[in-house]
Structures are given as C-alpha cells and as structure tokens.
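Structures incoming, each one as structure tokens.
Both complexes below contain chain A, partnered by chain B and then by chain C.
And now, the complex of A and B:
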C-alpha cells in the first residue's frame, strides 16, 4: 500500500507532555481518522504534519518525495484546517478569500463562494459579511472548511472538523470527503482527527488510535473490526474473564469489555457472548485500554 | 442498488450479492466496467474500504477482474458452472425440506404436491 505521509521516530517534547515516539504510515487514496481522547496528542501531531510547529526529533515524508513541511511544494499540496481560531477574529470571508489567494497558487474564489453556499455560510460575495468573532463555532468551522476545500490539494489534514457541526452538516462533511477521494481516484487522501467517531464511521477507511502521546493501534477499519471483539457476560464469570480483557467495566448485573478475537472461544466457554465492534465501540474499548496503561 | 446499514449481512457482502445477481441475469454485460470503488462509495455514502472489499470478494469469486489503469470489468461468465452451483444449493435445501417432511409425517407425494402449489404462487 502506497503511503501519502509517513513518519519515523517523531517526538515533540513539552515540559508537561511528550508526543511520541511515533512511527506510522498513512495510506494514499483513503480517509484516515486520528482517534483519541482529549489531550492524547492529536492536535500536536496534526500541527507537526502541517508545519505549524516543528518536531523535536524524527522524520516525516510527504508524498514519497519531500521531508520538509515548510517547502512550498508541500504547502501547496497540503490542505490544513485547524480546530478553532484558525483565522484572525476580525476577518470577514473577503479577507479569507484574499489571503488564501496570496498564500496559495490554486485557491479558487468561485469555488469558495459555491462551497460557502453548500455549507450554509456567507461567502466573500455576500453584501453584508460578519467578522469571525460574531459567528458560532460551527459556522466558523464551515467557513474554514469551505476555504480549504476551495484549494486544489492532494491531502486534507483537518483537526476536529466535525466536532462543532450539527448532524446534518457532519453528514455533508462526510459526503465532501467521499467526493474529494473520488475526484482523486486514488491520488487524494483525507486525514482528520476526532474524539467522536460515531457520525464519521462511514467516511473512515483507516484509523490511528492515540492515547497519552502514543499510538495505540493502527489499521484499516475492517481489519481492526475482525481483530477485536466486544464481550459481555455474567458478573460471576468476570474474575475468570478479566485476564483476557484489554479493557472492561463491570457491575452486579453484567460485565462488558474488549478482547482480541483470537480469545473468543475461551470467553464463550465462560458463557460470555461476543460480537465484532463498531468503530465507535472499538474506540471506547481501545481508549479505555490506553487510559488503564498510563 | 440498495443496502441496509444495520443488517446482519455485512455491507460489502450486500454489494457483492447485488452485483452478482445483475451479472448473472445479464443486466450488467460481460466486459462492462463497474463504477470505480471511490465513486461507488460516494454514491452509497459508505467508506471506500467497504466497496473495495466488495470488489475483492467478487474478484475472488471470478465475477470481475481488476484491469490496470481502468478499474474492474465483468468477466465472461460460465453460466453452466453457476447453474451447477445453484443446483447444489437447491439440493441442500431440498434435503432440509425432506428432513422436516419426515418429522411432520408428510409423504413424498404430498411434498411434491406442496412444491407444485407453491411454485404457482
């Protein structure tokens, strides 16, 4: 599988938090979700990948060609969108359009206006435009997404694009991902972070799970769903089942946990029932597992 | 094409089954190009990896082939072989029907009569 971005030995050290070491490879032509709890390091990783901050150690490779996030060629091909406060708060859509036009060769004003329309926010063509600080979080994000989608890029790297959107808009965002991937026909990729994967599951092909600055698990979603099982059983069997569970919760009525699918037979002998997880239940199980290892 | 999100049958199998039906009854002709995996994912509002898996399954079953730089095309179908497969499945179902018939005390003639009646419906 060809990769769009790969990294080896990536480290970013702060006084109270260390990201890494991270080594990973994001497949080309797919949509990849970075999934993790708050404070897992998702934004730090995205900021490093987009050249907003620099890693303390390690190497990144873009498009199998360049290892410099600051090179104009890489900047031109990477569409970055931050989680919040991306634009100066007094900027209006017309300021965004003008600045993107200066910053990027391939920003398309008309497309920006059209995308603003599709996403239900005012564009630079509107008569009366509000500055960013007067917009809700959701509308700020929609404007930022319209701007990044109006560029011609080869990879989108979006930090929590869905979190501030309502369900209808999140559905439209998923449509936009799939249209982008389709237009690229295997050459374009999407990377996005989220702490709530439920609404984005049908737009996720590959997942990178993060916890406490480390990568816990990576893989294609369908492979991961085969690798793990969700287990439920009677409370009296919990002590015996516990050593096979990666993470769990229990009470006087039942227990529930995440386990490797290879242990399903042993768990069924304990009277437990098992099923393959959804991306959502897998996320909860894995993030809880990471939490437990801290 | 119509898929169910919360069915017991995985989505990739639903997709493969519907294409298979269309290929076998000739709705999709031999040599025809299937939609690209990413355009199908876009249309069905599902992940790319799901449509990819559906096409992989159909490739394994010999229904389609990947053509470099073009996509997936429908293979010439050996209808005789496919009919053979269906006959084997039919036999299995008839065996089950006979087992039930014995338990319920239904004679072979009565069973045949039942099938004839059901066939007309």
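And now, the complex of A and C:
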C-alpha cells in the first residue's frame, strides 16, 4: 500500500520525555487517527511531521518523494492545525486570511468565508470581528479549521481537532474529512490526533495507538476489530481468564477486558462472553495495556 | 515588497504605527503653535529628550521584539503557525529586516519633524546618530532569550538615550561638522554590523528553536 508519510527511527528527546524510536507508515487516501492518552507523544509527533520541531534522530518521507520537513514544496501540500493557540491571540479572521494569502500559494479567500459560515464562526468579511483571545476554544478551532480547509492540500495533519468542539460540530468535522477524502479520490489523506475517539470513530479508517512515547499498535480499524475481542464475564471466571487478557477491569459483579481474537475459543470455554470491540473500547483496552506495561 | 509582506505576516502592527504617526503629527502641530512664543524653548528641550527615548526604543521593540516573539516557543501562541509555514526562515529574516526598515523610517520621520523647528541641522544629525546607536543595541539584543537580561538592556537603552541627550545637550550645537560627520559614519557602521548580525542569525535562531 502506498504511504503518504512514513518514518523510520524517529526520536525526539526531552529531559523528562522521549518519543520513539518510531517507525511507521501512514496509508495514502485514508483518514488516520493517532490515538493515545495525554502525554503519549501525539502532539510531539505531529509537531515533528509539520516541521514545528525537529526530531533528534530518524527520517521522515513525505509523499514518497521528499525527506525534508522544511521543504516549501512539502509544506504547501500539508494542511496543519495545532490543538490550541495556533494563531497569535490578537489576530482576527482578516489577519488569518491575509497571512494565509501571504504564506501559501493555494489559499482561497472566498472558500474561507464560506467555510467560516458553514462552521458557524465569523469570517474576514464580517463587519465586527473578534480577536482570537475573545473566542471560545471551540470557535478558535473552527476558525483555524476553516482556514486549513480553504487551502488546496494533499494531507491534513490536525492536532486534537475534535477536543474543543461540541458533539454536533465533531460530527460535521467527520463529514468534512469524508468530503475531503472523496474529493481527493484516493490521493488525499487525513491524519488527526485524539484522546477521545468515540465521536470521531466514523472518520477513522486507520489507527495508530500511542502510549508513553511509543507506538503500541497500528492497523486498519476493520482489521484491528478482527484481531482483538472484548471479553466479559462473572467475577468467579476472572482468575482463569486473566492470563489471556491484555488489559482488564473487574469489580464484585463483573469483569471486562481486551484479548486477542485467537483466544476467543478458550475464553468462551471458560464461560466468558466475547464480542468485537468498537474503536472506543479497543482504544481503552490498548491504552490500559500500554499503561500496565509502563 | 517581499520584505513588507513578510513583516506583515509576523506583525499586524498598523494600529501602533498609526498611533505613533498621530503622536508625531500632534508634536508637529504643537511646535508650530508654540513657535515664536516664550514656551518654544521649553518645548524644544522636551521634544529632544522624548524623541530619543521614544523612537529607537518603542519602534524597535514593536518592530523587532514582536517579530521575535512570534517565532519563539516562549510566546506560547502563534509560534506553531509561523514555524509550519513554507519558507518560514526566509519570512522571519525578511520580517526582521522589515522591522529595521520601519524603525529607520521612524528615525527619518523624527528628523523631518525636528527639521521644522531647528535652524541648525546639527541637532538633527545628532538625533539620527543616537537613534542608530540604539537601533543597533536593539538588533544585538534581539536574540537574547533571558527576559530579565533583555528587559535590563532595554531599560538601559531608554535611560541612556535620555541621559546622553541631556549630557551633550550643551555642546551639540557647537560641535564641528567634521566631528558630527565622523560620528555619523561610525554609527552607521555599527548599525550595519548589527543589521548583518541580526539577519545572519535569524535562520540560526529558527533552527535552534525547532530543536528545543
């Protein structure tokens, strides 16, 4: 499968945290979610991919062509949006439109105005525009997303785009992802990070699970749902089932855990109930597993 | 044009520049009103002190420090946007140069406003010299990361600017033209060196910030 971005031996070292070594390949033409708990390294990875910070070691390949994250050609093709404080706080939509126009060849002012309308925020055409510091986190993110979507890009790399949005707007964002991918006809891709996958599940084709600066698991969501199972049962069955569980939680009335699907027969023989996970339950199970290995 | 566009990218400072322009206009209007009155002498001495304290410092802080902050991790807001742009380093270098041009224009405006009042051009040349010295200092401290040190240097700049004007106030009108000319040349050289320094290090600063 063709990849939009791939990395090998990627490391970023801080005094109290190290990301990596990471080696991965993000498939082209799909929506990829970077899923992990707070502090898992998602933002650091996105910052490296978008050239905000440089990796201490390792290489990244963009579009199968360039290995330079600072290459202007690469940056023209990447639509990036940070989680918070992406724009200076005193900027208004008109400043955002002007700066995008100065910085990028492929920014469409009219499209920006239209997208601002669709996302329910003021555009650069509004008579009275509020600066970013007067907007809520959600409206700041909507404005930033409108600006990013108003560019002609080949990949969107968005850091926690759904975290500050209300459920309705998250749903609309998922639709926007799908529209973007459909318009690309297999040539455009979306990469976004999240620690709450429940509302973004519809927009996720491929998942990269991260924990403690490492990649725990990667794969297409449908394949991962086949690879793992969710196990439930009565508490008296828990001691026997525990060895087969990757992660679990138990109380006096029930237990629940994550296991490999290949163990489903054994678990059923022990009297446990198994079912395919949702992306949300899979995420919780895998992140717990990563936490347990810490 | 590219320089102005890059400067605009980093600093949407129209309002500040308009306020400064309005201030100059008000000063010019006051000077005209007071000319040929007893209060004009006092106005002149006040004008000389304030212009040296305000112009190099305020303009430079707006033009250069703002630009720097936009690209620094310490700013907390906006730096990710600036660093992710195509040709981010080039834009930053051009914006720093744009900041210098705006500051120099400020000096030119002060000279123009001052020329309305002073019969001798010596005082104006002196103004330009002082402005260039302090613009040079601003350039040299642009990349100082320690805020306390930077603030201390800026305070010293402001204080010395007023102090020097007061100290030399008596002699400036009698200084020989040649001395003023040599001083101008020397200050221009220092300023050129500071400009080269600040531009040469703009890319290095950006790269260093990205490694943090």
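Definition applied: the second predicted complex is superposed on the first by the 294 of 294 C-alpha atoms of A that agree within 3 Å, B and C clash if a C-alpha of one lies under 4 Å from a C-alpha of the other, contacts with A are read in each partner's own complex, and residues count from 1 in each chain.
In the analysis below, contacts are C-beta pairs under 8 Å (C-beta built on N, C-alpha and C of every residue); 3 or more make two chains touch, one makes a residue touch a chain.
Quantities reported herein were computed from a predicted structural model and do not represent experimental measurements.
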Exercise. Put the two structures on top of each other at chain A: do chain B and chain C fit, or clash?
Worked result: fit
For this session: Could you figure out whether chain B or chain C reaches more residues of chain A?
Result: C
For this session: Examine A:80 and indicate which partner it touches, taking first as chain B and second as chain C; both and neither are also allowed.
Result: second
Exercise. Just chain B (first), just chain C (second), both, or neither: which does A:261 touch?
Worked result: neither
For this session: Identify the partner contact of A:89: answer first if only chain B is touched, second if only chain C is, both if each is, neither if none is.
Result: second
For this session: For A:284, select first, second, both or neither according to whether it touches chain B, chain C, the two together, or no partner.
Result: neither
Exercise. Touching A:47, do we find chain B (first), chain C (second), both, or neither?
Worked result: second
Exercise. Is A:103 touching the first partner chain B, the second partner chain C, both, or neither of them?
Worked result: second
Seminar exercise, completed: Three-chain overlay: angle at chain A's Cα centre between chain B and chain C, nearest 10 degrees, stands at 150
Exercise. Given the touch rule stated above, what does A:216 touch, chain B (first), chain C (second), both, or neither?
Worked result: neither
For this session: Look at the superposition and give the distance in whole angstrom between the closest pair of CA atoms, one from chain B and one from chain C.
Result: 29
Exercise. Which positions of chain A sit in both the chain B and the chain C interface?
Worked result: none
For this session: Flag every residue of chain A that touches chain C in the complex, lowest number first.
Result: 47, 50-54, 70, 72-73, 75-76, 78, 80, 82, 85-91, 95, 98-99, 102-104, 132
Seminar exercise, completed: The residues of chain B that touch chain A in their complex are 5, 12, 36, 38-39, 41-42, 45-50, 53
Problem set entry | Residues of chain A touching chain B in the complex | 29-31, 174-175, 178-179, 181-182, 184-186, 201-206, 220-222
Exercise. For the complex, which residues does chain C have touching chain A?
Worked result: 5-6, 8-9, 12, 70, 75-81, 83-89, 91, 207, 210-212
